[in-house]
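The structure that follows is given in the form of structure tokens.
The letters A, B, C, D and E name the chains in turn, as written, and every chain counts its residues from 1.
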Amino acid sequence: MTAYDLYLVSPLLALAGLAMMVIIVDLLTRRTGLLVGVAFVGLAAPAALSAWQLAELVSTGESRLSAQGSVVLHTLSIDRFSLFFNFLILAAAGLVILVSTDYSRRMERLQGEFFGLLLLSATGMMLLVSATELITMYIALELTTLPLAAMAAFLPNGRSSEAGMKFLIIGALSSALMLYGMALIYGFTGSTRLDEIAAALSAGASAGAFPFGSMAVLLAIVLLLAGFGFKMSAAPFQMWVPDVYEGAPTPMVAFLSVASKAAAFALVLRVFYVGFDALGGDWWVLLAGLAALSMTIGNLVAIAQRNIKRLFGYSTIAHAGYILVGVAAVASVDGTATFGPSSVLFYLAAYTAANLTAFFAIVCIGNRINSDEIADYSGMLRRAPFLAIALGLALIALIGVPPTGLFFAKIYVFAAAINTGESLMTWLVIIGVVNSAVSAYYYLRIIKVMFLQTPIHTERVGASWPVNVALGIATLAILWLGVAPTPLLGAAERAVSVLSGG
Amino acid sequence: MWFEQIVFWALAAVAIGGALGVVLVRDLFRAALLLATVFVAVGGFYVMMNAEFLAVVQILIYVGAIAVLFIFGIMLTRDVQRGNAPNRLQIPAGVISALLLAAMVFTAVTTDWTTLAGAGRENQAQIAQTQAVGIPDATELTRAGLSAEEVESVAGSGLADLLIGDFVLPFEAVSLLLLAAAIGGLALARGRGR
Amino acid sequence: MSLEAMLVVAAVLFCIGLYGALARRNFIAVLMSIELMFNGVNLTLVAMGRWLAPYTVQEQLSAVLTGQVFAVFVITVAAAEIALGLGIVFALYRTNESVDLTDAATLRH
Amino acid sequence: MASEFNGLLTATVFLPAVAALLLALGIARDDRMVRWFAAAVAFADLVLSVIVFVLFQPGGERFQLVDRFTWIDTGTVHAGYLLGVDGISAPLVMLTGLLGLCAVFVSFHITTRVKEYFIWLFVLQTAVMGVFTALDFLLFFLLWEIELVPMYLLISTWGTGRREYSAMKFLIFTILGSAFMLVAIVAVFVSSGVNSFDMTLLLEQGGALDASRAALPLGILFWLFFVAFAVKLPTWPVHTWLPDAHTDAPTAGSVMLAGVMLKMGGYGLLRVNAGMFPEQLHAYALPIVVLGVVSVLYGAVVTIQQTDLKRLIAYSSVSHMGLVLIGIGSVAVVGGALTDAGLTGAAMQLFTHGTITGLLFVAVGILYEKTHTRHIPDLGGLANRMPIVAGAFLLAGAASLGLPALSGFVSELLVFFGGFRAFPALTILAVLGIILAAGYILWMIQRTMFGPRPARWDGLTDASMVEAVPVALLVISIVAVGIYPAWLTEVFRDGLEPIVSSYNTGIAGTGR
Amino acid sequence: MLTEALVWVIFLAPVASFLLTGLVIRPLGSSYARLAGYATIGALGLGFVLSLWLLGSAAGTTTYDFAPHLWLSLAPGATIEMGLLLDPLTNVMLVVVTGVSLMVQIYSLGYMEGDESFARYYSYMSLFSASMIGLVLAANVVQMYVFWELVGLSSYLLIGFWHNRPSAAAAAKKAFIITRIGDVGFLLAIIYLFFQADDFALHGLNALHIPDIWEAAIPIAAGGAGIVAGGALLWLCLGLFAGAAGKSGQFPLHTWLPDAMEGPTPVSALIHAATMVAAGVFLVGRFFPVFSESEGAMMVVALIGAFTAVFAATMGLAANDIKRVMAYSTVSQLGYMMAALGIGAYNAALFHLFTHAFFKALLFLGAGSVNHAAGTFNIMYMGGLRKAMPWTYWLTVIGALSLVGIFPLAGFWSKDEILLEAWLGKGPVPASISLLVFVMLLVGVLLTAFYTYRMVHLTFHGEFRGGGEQELHDVEEAGQPAPVGVDHHVHLGESPWVMVVPMGLLGFCAIIAGWVANPIGVSSLFGVIPSHWLTDYFASGLHDGHHTPPFSILMAAISNVVALAGIGLAALVYAWPRPFTGLDPMLKAGPVHILLSQRYYLDHLYEGLIVGRIFYQIIVAVTDWIDRNVVDGMVGLVGWISRNIGGLIALAQNGQTQVYPLVAAAGGVVIIALYLILG
């Protein structure tokens, strides 16, 4: 353990430290404002440290930080890829913290725990996105999930407890399945490190008659996907999503829907693009299948929903499907494999902006009107113009209509898929675009209800300024990504060069 | 070796029988006790596989902590009388589990694990594992026929060394995980406002 | 005792646990079943480490121990999971007066 | 990608958007001010668009008044902010400016949420103009999609009848269509070989997409584009959104919808399907023309059955837009010096149908504003009470049924000229459609304007001055094109010339 | 010196008056409405003078050839131009159009007096005149089509002038649509010409320029270009003839013309007697060089024309509306002209067109005058008007005798020439066909005489039978709705001079037009008029200079005898039984009368069966049903399915925690299975 190791993990340490500090602050004082302030401002530390690391990467021109004798580099990699997600996760966490200002009062005395757990979960995510080794990944995954499961049950009602219960049980079950997969991988390749797994598989990959060269690898990959699918909320591992979304505290759902998902996709990218690189020809079909299934199920079921949080649960499943299209776009006509992953990164960023905006509006509105039924949103434009417009913009973004980031994101994902030159991927894209069209139906229904119907109540719906700030930032992010996607897209492309060994 | 086989199959019988009991008996207390039995049997397997340290951990954590936790839980929820009834998913759950088991067994049996195994190295591995908890004695290793480099490699590969060495990061992370679980568990168990 | 036998036993444990987790009504029983699954995984991990010294990393015998390290982590995480799980059990029990999963089905469709 | 900046097009396209922003920021205090501000902006934009048309030099550079900036430039993606007009788009820009002003004037009677209404109307105008001028596929698609939002809101908020259903239907159809286009655009992007969305590159290669690199067979790309544009056009059998959307949209919505938004489909067919896929168009000309003929006849027959004025006009649009397909389909088959007749006719049909249907909808809008009904059996004998409206109906109707000296005739004639050379029998069938057109147009006029007048309409007044402005503008444009069409056709032909020559060389080259 | 600009003025003057009346005078209100009349009359007067001057300066000299103005350039071999084609046909037609039109406009000042839409009337009239003049002048086939359609539009507007009457509006629509059916043929012919543009270009011709088309139709052997020949030529001619048949009311497209009498009477006089309906004949005449190259086309034209002549005349026998009688008569006379063209009697046909314009306009104006007095158009309620309105009576008689073809009135000369040429059979059609045409036309003469006498007798002779007042009374008793154009406004007396004077002028023309144009001898009142100068002038426009056969006393005698026989027969039927009971003796003919008065049930066939049943109830209804239920239904179905699949999937989402991992595990198993099965 060298000083450089500490430097490498300093963002993680800072974040974990912040989590403990928040809990301590909570013990000393119960003022929400202070808690939020500490948590939000404190995030500057991990962010600054990550920025420092990024600056070093930029100045040296290296793609990853490295040092002789470092121990932590055995299990993780600090590179542009992980830093990209670090910033994404930190941004999401910061905004969710801000937006919880009003909502967290519902947790009564558990506010400190709420913020602390949220930060711990964020720590897990940051560990997850830099992990290059299966054990670390597992731990990080659990560190991500368990706090979220606890938070899901934080509201003093049965639905919240039920959500927590479901999240925990299904999370644990999928971890168990995933663990078995990891065990098989370890047994088959003799290592838990992705680079060594890759080396082992590429040496002996094409040996057997089975897909993936071996029944063990096939089973392992399927089981791994069960675990990852749970986190990505991809079908058929998605069924917990709507229930948990509906029952859990909305800020936590917001965080879950973007940060946790982003971390999961980072994980999938790392595992599949680095570890199972040699088997790309086999697994992309599987991912493509999951993508098609997720998109279709998510969108079709969302049509019938009346609860907006539940609807967003299905929506997030559908979006997982779109993102998986990018993940599955592993090959390309000209042999460059960066198109798919970079599209995934961009999509995740754009989706984060859009979904956070939507959830923030839902947090505020739901907190005030005490309902998540879409019908109760009627005439929201009159009652809360800013919230309604922000939500409307987010919904438009989620459809994929310009000028929003997700518009480009979808194009990039589909471009990557078509770029593979596989006819199956083209069909997948067609399924994807048709699904996008279908999704317009239910997203627009919300807009319709908010913008066109008459309010059921005249009371105005407002929020405190931190909430509005968070909402404003997220809204601007949607537009910024829609108008000037170049910087982020460039960042995404540079980030994924790590995956192809750069 | 026959002794080893007998012990193995006996442990297997206990473990599997116990496991079946856990999922089938209606009395939760008995299920918890059977679970403890399974844990012990698994610990036995660890011993047989030269993973003594792990066996100790298994007994301490699983039997000593987890099983007890379960029993606490069972008592506190006063749900015992309703027992460990099955739900309506028995048949599909059974079918799916059986199919998965078939796949796993098929995998275990058909995979040619030896293509990847380092033949003839079992002995050295055994030595390393025996010495897992402490730092292995270099002379002992040399006596066992390892070359100088291998001795050096093994010397740096004790379980504890690994935990605070290569795997220090997950090790630290686990502490955070436990912290999180504690915070969460406490917060939820304690309830609000009380 | 062979690798295959050990793997089969582990798989059986795992699948019994899976069955229990899917087919029991009581929350705690489900948690117990999940523990069975973890034990199955751990047995697999240790067995893999015990029998397999992979050819790519033959020089690095520490890799052999990775299975056990993994198992240690799994045990720890399992403990954490149970701790939190029981917390949720209590929360659920407080709101629902029951830890029967079949009853806790208000979130649906 | 070198930057160029002329600025005129950017100003023309984005002036309405800026005005929308200003409105949103509250530049106008009350509804009255909003209206006149909107009118002023729309007028200014019309002037700008006319300047664009006038400044466009046929025979000069293919694309003129180009504004070009790099927009997205990463390792794998290149896209630009690239606006420019050629002979195809310059008239359509002017058409949009014209109908934009008309739309503002017919909207003066709107009293609910006036500010929002004009904001969305302006956003719509910017989007449509943008589609006509964008020369970068990404920008093109972006604006193509943006246009949906204001249209959806206009229909569903300020519409009538089953407006929400109609708005949704419109949206789903169009989004489905553009979904296919998205696939195609992405595939074109991939197939371009330079990972660029720049249309001019693709067009200047003479439509030579690199088939070897193509992610999809070019034939499939062709059809993907075709579906998107056909939905917008609309073509049988994907037309059913149109009657609903038209019927329930507010007047300005109908005007814009029929006047310019359908033209986006035709424009796309000309620009992309005809411009970039000569081989494919040649191969699939027959099915396209068959679709066109079916649209013409089927649309006309169904039109006859309609009793709602707007629905009737909507179905007639289906019929008329079928001619565009015939014109486009004809180009790939005929060779020689006459190749461009059908294509020019199709382009002309875009313009003329825009003004004619625009006028019809304006007239219906005024009528509806006064009578609150569009049900034809309720009306009758209104010609005496409202001579201006009746005159508008008559003139637009006459133009619509292809009466010479009015604009519709020119485009129909050219389409028939071109179509007959390519597919004589099918074209004869389509020509029969003009009898049906006469039938439904005259039937409509007879039932609404002529005959005995129910007593309840005795107090009706004619169009006000404000309402007469769009009528006058559109009448002038219809007559101007009808009396002397060359000023317009020559511009169109200049724009179509590269396409035509690519077919001529292609046809000569392959000896077919 | 004839300049191009002055010819254009003939066309532009009514255009200007149209714009002036339509856009300036009409919005000013009714107090200024008379200005519209003056403007139109002024414009037409100018046009008439210039036309006469044009005819005068053109006669005897060569055809004027002005360079056309480019309108739309399509391709080298196909250019749409606006040009002037000043050949004898045009020159004479110009005089007829402007002249008759001028008379009618003057007459309208009186007839339309007090109508609330006076200015509108004149603006339509100006538009019509402009279109008709444009049509006559057109040198390019597209240009011609432009004005051809505008004539149709004006006709539509004028028939539906009193648009508050449903029957007027319906008649207008019917007229437009039926003529449009014919126009499709015309349009297809044009399109076909464009189709041949490449060949035209090879010969340096323009496929759309009318003289070039003549040239193209003439076989190479005859010195032409021979581009269109054979079957294509036949179809081209048939297309053109379809257009002509529509406009000129030839069987089977004649049904609109009687209905078109819903328009104001001057309109009927102008456009449904003298000018517009003549456009069909003009069209065939215009393309006569083309038609004459195709024997098949000529036969069709001849037979359809002859059949129409007889067919329409029979319907005239049973009509009670004076204007409808005229209308059938017009159809019949147009049939004569077509038949004449068909048998190659180009000169005679145009000559008849020329004379017919005068006497038919006169007859219509007479009918209007009668209506002015009697308040009805139904001849059954007239009678005895001779005493009340002598001028009208005598002028009508002149017109009627001219129509019947009694020597020496205008109609005689022209009809005689047609009959003579048909008898001689020297045209391009076989002599047998020509003879058949002759026989049919002769029957036509008999029938014409019969119904003409019937009409005159019932209108003017005998006792007055109550006019509109009585008719309304009877209708009311019968419980039927009042027919249009009938009012209580009965005042027996002569019409005002603005109406009578134009009638007088037309009557004068009807007497002398034939004489002046086609005297048997060389002597004349005004000096030496060469024999057949008009017909020869017409012929000079043709390449092969067709010459009129010399006058035949025998033929003149035959036609007059037949005509007088017809009159005599009618007199037997109508004048003999006194007093006239008000019941038409034709009723005794029973089923024949019914057949005739129901117009051979053709309207029923067209509107009831073909349009109403087959088209509306079957084609339209079925298509509409398909559109709503199949095409749109598919959309709904897809939506329904997608919604319900969503619901079905949501059903699995039953809240039972363990179902979810079960599905996930099952998914995993399925994936493995799929991999193993599919490899």
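The working rule: contacts are C-beta pairs under 8 Å (C-beta built on N, C-alpha and C of every residue); 3 or more make two chains touch, one makes a residue touch a chain.
Just so it is clear, the structure is predicted and the values come from calculations on it, not from any experiment.
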If a chain touches chain A and chain C alike, it appears here: B, E
Shortest path length from chain B to chain D (each step joins two touching chains): 2
Touching both chain B and chain E (chains): A, C
Chain whose Cα mean lies nearest the overall Cα mean: D
Chain separated most widely from chain E, comparing mean CA positions: B
Euclidean distance of C-alpha centroids - chain D vs chain E, Å: 37
Computed distance of Cα centres, chain E from chain C, in Å: 96
Distance between the centres, which are taken as Cα means, of chain D and chain C, whole angstrom: 64
Whole-Å gap between the CA centroids of chain A and chain E: 78
Where chain B touches two or more other chains at once, by residue number: 87, 89, 92-93, 96-97, 100, 103-104, 113, 116, 166-167, 170, 174, 177, 180-181, 184-185, 187-188
Residue numbers of chain E (touch at least two other chains): 650, 653, 655-659, 661-662, 665-666, 668, 672
Multi-chain contact sites of chain D, meaning residues that touch two or more partners: 172
Touching chain combinations (by label order): A-B, A-C, A-D, A-E, B-C, B-E, C-E, D-E
Complex interface listing, chain E residues touching chain A: 642-643, 645-647, 649-650, 652-653, 655, 657-661, 663-668, 671-672, 675-676, 679
Interface residues, chain C side, partner chain A - complex: 14, 17-18, 21, 27, 30-31, 34, 37-38, 40-41, 44-45, 47-49, 52-57, 63, 66-67, 69-70, 73-74, 77, 80-81, 84-85, 87-89, 91-92, 94-96, 101, 104-108
Contact set on chain A toward chain D in their complex: 333, 336, 338-339, 342, 396, 399-403, 407-408, 410-412, 414-415, 418-421, 423, 426, 429-430, 433-434, 436-438, 440-441, 444-445, 448, 451-452, 485-486, 489-490, 493
Residues of chain D that touch chain A when the two form their complex: 71-77, 138, 141-143, 145-146, 148-149, 152-153, 156-157, 164, 167-168, 171-172, 175-176, 178-180, 182-183, 185-187, 189-190, 213, 215-216
Complex interface listing, chain B residues touching chain E: 87, 89, 92-93, 96-97, 99-100, 103
